[in-house]
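Note that chain A is present in both complexes that follow, paired respectively with chain B and with chain C.
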Partner chain A sequence: MPVAVFFGCAFIAFGPALALFVFTIAREPLRVIILIAGAFFWLLSLLLSSLVWFIAVKASNPENVSLQKGLLIFGAVFSVVLQEVFRFAYYRLLRKANEGLAAISEENLSPISVQQMAYVAGLGFGIMSGAFSMINILSDSLGPGTVGIYGDSQYYFITSAFMTMAMTLLHTFWGVVFFDGCEKRRWWVIAAVAALHLLVSGLSFLNPSYEGSLPPAYVIMVLMAAWAFFSSGGSLQTLTQVWMCKKNGVDSS
Partner chain B sequence: VMGAAGSSVSGQPSLLLTCLHICPLPGVGCSSVQQKIYVQLNKTFPCVRLLNATHQIGCQSSVSGDTGVLHVLETETDLDWVLSSGPNPPYVVLMVAEHFNRSTMMKLKGSARVAGVAVVISKAGPAQGFSPHHSCPNQNSGVYSDSYGPELAGCNVTVWNPLGNSLSYEDFRFPIFSLHEGEEADVIRKCFLDHNRGVNGSDPAYPLCAMQLASHMYAVKDTATCMRRNDIQSRFSISPEFVCDALADYNVWSSLKPLNNSGKGHLDGESVVIAATRLDSRSFFWNEAPGGESAVGGFVTLLAAAQALRAVVEDHPPSQNILFTFFQGETFDYIGSSRMVYDMENGKFVIDLDNIHSLVEIGQVALHRNGQLWLHSDPVSRRNSSVRSESTALNLSLSVAEPDVSQPLPPSSFQRFLRARPIPGVVLTDHMSAFSNRYYESLYDDAEYLNVSYPSGLSPEEQLEYVTDTAKTLAEVATLVARSLYKQAGGLDDHLSSINADPKIVTQMLYGFLVQSNNSWFRSLVSPDIVKNLGDPVKMPTWLVQYVLANFTGTLRNLTQTQCKNPEDLEGESKDLYSYFWVQGPVPPNSTQGEGYCVRAPVRLVKAHSPAFELHQYSSRDYSTWTESRWKQIQARIFLVASRDLEMLTLGVGVAVLLVSLVVTYFINSKADLLFSSSRETTSTAY
Partner chain C sequence: MDFMEIHQNNVSSEGAEPRRRTSESGERGRGETELNGQPPSARPIPATVTEDDEDEELTLKYGAKHVIMLFVPVTLCMVVVVATIKSVSFYTQNDGQQLIYTPFREDTETVGQRALNSILNAAIMISVIVVMTLVLVLLYKYRCYKVIHGWLFISSLLLLFFFSFIYLGEVFKTYNVAMDYFTLAVIIWNFGVVGMICIHWKGPLRLQQAYLIMISALMALVFIKYLPEWTSWLILAVISVYDLLAVLCPKGPLRILVETAQERNEPIFPALIYSSTMVWLVGMADNVETRKNNTSSSSEPENPASPGQQSEDDGGFTSAWVGQQQQQLGNLQSTEESRREVQQMPSARPPADPADDEERGVKLGLGDFIFYSMLVGKASATASGDWNTTLACFVAILIGLCLTLLLLAIFKKALPALPISITFGLVFYFATDNLVRPFMDQLALHQFYI
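And now, the complex of A and B:
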């Protein structure tokens, strides 16, 4: 039943993003706006970088395979750089917006903090990036066939879904870390985020040997999760606190 | 081949998300996901559905196509695998043409485990012969019935097509496609060998190679039903979508002495000898009907005879007129000839049945053995003044005889004329009783079967000019026919020797109609805007026959193109007597297009549309009621299918991921204040 593959891959790729959206963003209109604007910024960066790549491809010889591969790598690198540039641009925009929001509120306090904006912006980037990676593949998973007749792996749909999930969450964490670095003027943080983004993007060139691309991407995701957790105010103490609370709660109930 | 007026255009499958289908590398060669999954098979021919008053025949698939695991049929055990023992039904069977016979197909038809059949057609047919047509063609639409020669009806005396297995007239509920030997067939076999064979006798493991065949037909049940649905569509729908079309085309006719086309009905004082033949043929698959022996041999002979008679028409015209008629749609219960007889009966044609003196029909003539031809006549209405052509055959290496037994007429257009009037006539064939054509109405009745073959190393233009042996023998038959017609129409014996068919012309026609119609001679005969329709053996030769006949029986006129379109007011020109054609003419060596000439010829087209549709008698027993279904998309492709277990696993993992992320997110969200408390002081400042 190809519909099973469709829903399975859709849930894998967009499940966490959906959960995050439903529980943390959907109730607050301001966060929804920031999310969608973030998605739009990512879309703009992709549009510009794909324009550059497209022109490069059209201007080059289509027969030369190694040249085309080289252009693809160049396009990917350029796209990563442009995405980070747009992330910075969005940061500046949100800072400005934050001042405005603080000015019109009653207590001169912005209703949303920079960390929350960072998280929402990152999630916006992630959702849009995931959509662009996955929708194409999801539509083809509805047909009767699966990948493989030309020798590709038959696990293409599932691995794409897992990669998309990793990218979505990675963008979220990178957003948090990036904005924090900008706030505290730590430029090495920005460089690190860009480097990691390039690394994960480069890992995808190792496909179809999915062992080479998926586990490293997940390792990086876990590390980024930890980094984002610590940079947004979490610490081992709070973690143990919550764990104890939960345990006590479970014991007492 | 007859075409249904306006069969369908292919459409795209309408998935909601297809509009977002992005092809990421347009320059390199689109590597979108679809191209990773599917291998499209482009050079396939489907079998389509046809309906008549009582039945539907042909094949049907479900709306988006039928998918089945591929299995190559080579031996009997393979058939058992498909029908009972294979573990992954349904199957799509790939077979070579040897297995495409009635017994195998009936077994597959009766099984629910078959999703489709693909037949690989080789160049030469099975040695023992193959004919998917009935063994008694056009049994119920000829002249022999309970009221006319009942002992001769139903092939009681002679079975005309003994090799016929009636496969074309079965109703299959799965699609059947055909493809030729070549790259695509090899790709399919490779896919099967790589994925569908178990190791050491065990069941094959997923992913398996599968094929999807899509040829969904809209019409069902019978002609009356589909015509009624057409009616409803045209009345109540803003953009009506018809479900079927009547088989219709045009008959081509020409006369030795021009007839005034504006006068219809009985023509006083006119006595006409009709020289008839048929243009069409069919096979099991749609639009593939080479019809070499069954049609092309016959009409090429008559065309050559028309050209041969040109030598005497100016100076020594015969006392009676000769009408050359080329009927379309004869395979499907005599559509063309029944329409012409109907028009003659109702005064809608230039002459009527009383004007007919006699009829000579050219049947299948290209495979005669030892120069022996046969004249068939109707035993019921045999007249003493039947055609005598023995004397005209003296100077040729052909001998003509009449069959010994009291035998009915073979299936021929002449039978429809006999239904209306007892006209004297004969049918000329190369078979005494059963057809000598072992591939009657099948894909194998092609140039090779007729021995139209050329020595290797010839360019296409040289092949066009090369006179094959088949062309020589057909030219002799054409000469015989021309001389007989001349004699029959009252011409004098003295001039018979000047009537000769030219083998050069015959070989050019055979090349054009059987091998390649895009050749220099055909290009010079047709008008410049039709030239692009030439290519490979052309599927519907009606218009091509019209132009060839115009070239043979017409004269050049010194008119410009606009004058040629409207010659009404010009002196000496008459649209009533002639048709005017603007043809390209021979292409001079230094340019790509010919100058263009105006040809005037007494050649006309008349509709070959069954009277049943004029009279709205869709269940008629008297006239042909054949219609062809409409369809939207016909495609075939192969791909791999994943096991059901893997699909369910994917769904399970997806649901699990969704649930876990929902739970974790809820939990983290509810404890967010606690978790991110170290920065609580900073969040309150206005940043």
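And now, the complex of A and C:
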């Protein structure tokens, strides 16, 4: 049974990210590097925010439970803000790198476009965020134990897995939209992404009443998917073309 | 007392590795712009032409591919080490036994005493490594090749037979697999002999790479088991500083080694370098044969000019450069073709284009593999935050490797592979273990998501 839980939760949490990686990123060395560098930037933001949280905790009274919870919420909010700051920093770095790549290539064209970089960077953030949230839980799920034996929710593993999947995909979409907003100098887009991130993270503070956190997170994820799709140049026509091409392929073959 | 010999040989091979590691960083530095396995005399010449933008473009354009060619083996080695650490408890047990090079114990009463002991241990270990490196450089300088090759042979023999025997034994114990000695002997014999052949002579490229990854993982596991905790972190820190000094300082032993090898047109100790293409393997024969080609006038029309052209051609020059040498184009083509035959390169390449990225491999010394895996393995063994710390160190090391290769593409000279990665790895280990872990634990407890 534990193994089933382990595999089930692992595939729920990381299945889409793994599929995206295998089908779109694994074959291109440059994208893999951008992915790992994105993960690194997320990690840096987490490090700094946990440093701030750690200092705050050490400076406060450890007995006061509500204070500690308040500090944790503050730490989480600060972390979200810092993640968006680092996303912006990564955008600047990638722009510079892109210009460098374009300058030294033969046709003065960069081998990778900003939209591709946005997608890969977002996925890098998402994978690292998901991994840090989920991996310890997964390794615990392999061992013996009873979930929620002290009165906590029984659905801990499965809700963690679903939330992780949502966060991973959300980071991807936020990456696309964010970079697009930076490219077109639309600062309200950046503010909207940050606000949505804060919203999703804030909704998770309602846990363990999962009705308040999971369905809204998924709704936001679907909306973000649509926004990312339309902002990166997709349209209803391209969608129908995809379906029609498939149909054409079937008919002609 | 077997341990003394073994560990002596291990340290000797390990001492060999820093030199090899950084010299191969050197080769790698030139390898970006050159064909590997080619006589090192070629190497200085591309340095002058690499100011050419197109050549720079080629190195950077192919740089991403080379980074991935190194990411994959480094990741595999780390995965093997972490999987072993997590499943086979032997390598995390404290048997009380330590290497003779780290005689001071760390289970002392006071923290100060422990710190002092670990500093002394690290000092002894590093001085042993420095002495070994100097001995090797001296041996190389005075052309005692037989001694060096014998030393390498014995080290890899011990690694492939004895350490893999211990490893296999522990894996069987962990999974409670019953095994008789006859089967085990056959398995170890085959594994070891094929390994010796692949590493020291010729073999399929993938098999050779797999063996190098396996012996690096075995060495890293030995270090993780037998080095106490604080000592190992100190050793990692000091050895990356030593690596930096030894490769970049003008009087550094590794730099002397690299320059001596350059003067003599020899590849440096190919037995303990991970290479991503097979060219260097045949390159040993290639050296002989291209020299024969040089001396014999049968295969090349203009013999006196051919060494110069061959060395220029070795630079992996762009077709633009080749186009510039119109009057010598015939010569270049012939040398390319003869070299291609010898190198058994893939045949689908036009002879006039020497700047094919398939020819450029990338090399990394096994010492780098060992220390990277040792860092990640130690992180997974000792960190209480378990997988988060391991993952953070893994990403940090990969990014350090990426930055090192980027610097290599920019500076195009011998660079140490350890400092940036190990620094990032250590910073991330301590930061993640002490700062991020409590934060993530609290978040997971309340199921908050950031």
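What we mean here is this: the second predicted complex is superposed on the first by the 248 of 253 C-alpha atoms of A that agree within 3 Å, B and C clash if a C-alpha of one lies under 4 Å from a C-alpha of the other, contacts with A are read in each partner's own complex, and residues count from 1 in each chain.
Just so we're on the same page, a contact is a pair of C-beta atoms (placed from the backbone, for glycine too) under 8 Å apart; a residue touches a chain by one contact, two chains touch by 3 or more.
Just so it is clear, the model here is predicted, and its values are computed rather than measured.
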First, second, both or neither for A:Met163, with chain B first and chain C second: second
Contacts of A:Ser139 with chain B and chain C, given as first, second, both or neither: both
Which of chain B and chain C A:Val81 touches, first, second, both or neither: neither
Contact breadth on chain A, by residue count: chain C or chain B: B
Touched partner set for A:Glu183, first chain B, second chain C, both or neither: first
Touching partner for A:Gly8 - first (chain B), second (chain C), both, neither: first
Which superposed partner A:Ser201 touches (first chain B, second chain C, both, neither): second
Partner chain in contact with A:Leu72 - chain B first, chain C second, else both or neither: both
First (chain B), second (chain C), both or neither touched by A:Met128: second
Footprint overlap on chain A, comparing chain B with chain C: 54, 57, 72, 135-137, 139, 156
Footprint of chain A on chain C - complex, ascending: 53, 56-57, 60-61, 64-65, 67-68, 71, 385-388, 391-392, 395-396, 398-399, 402, 428, 431-432, 434-436, 438-440, 442-444, 446-450
Residue ranges of chain B in contact with chain A within the complex: 15-18, 20-22, 25-29, 32-34, 36-39, 67, 191, 207, 209-210, 212, 637-642, 644, 646-655, 657-658, 661-662, 664-666, 669, 671, 674-680, 682-684, 686-687
Chain A to chain C touching residues, read off their complex: 29-30, 32-33, 36-37, 39-40, 43, 46-47, 49-51, 53-54, 57, 69, 72-73, 75-76, 79-80, 83, 100-101, 104-106, 111, 128-129, 131-133, 135-137, 139, 156, 159-160, 163-164, 167, 200-201, 204-205, 207-208
Parts of chain A lying in touch with chain B, wherever the complex brings them together: 1-2, 4-5, 7-12, 15-16, 18-20, 22-24, 54, 57-58, 60, 62, 65, 68, 72, 95, 98, 102, 108-110, 113-115, 135-140, 142-150, 152, 154, 156-158, 161, 165, 183, 229, 232-235, 238-239, 241-242, 245-246
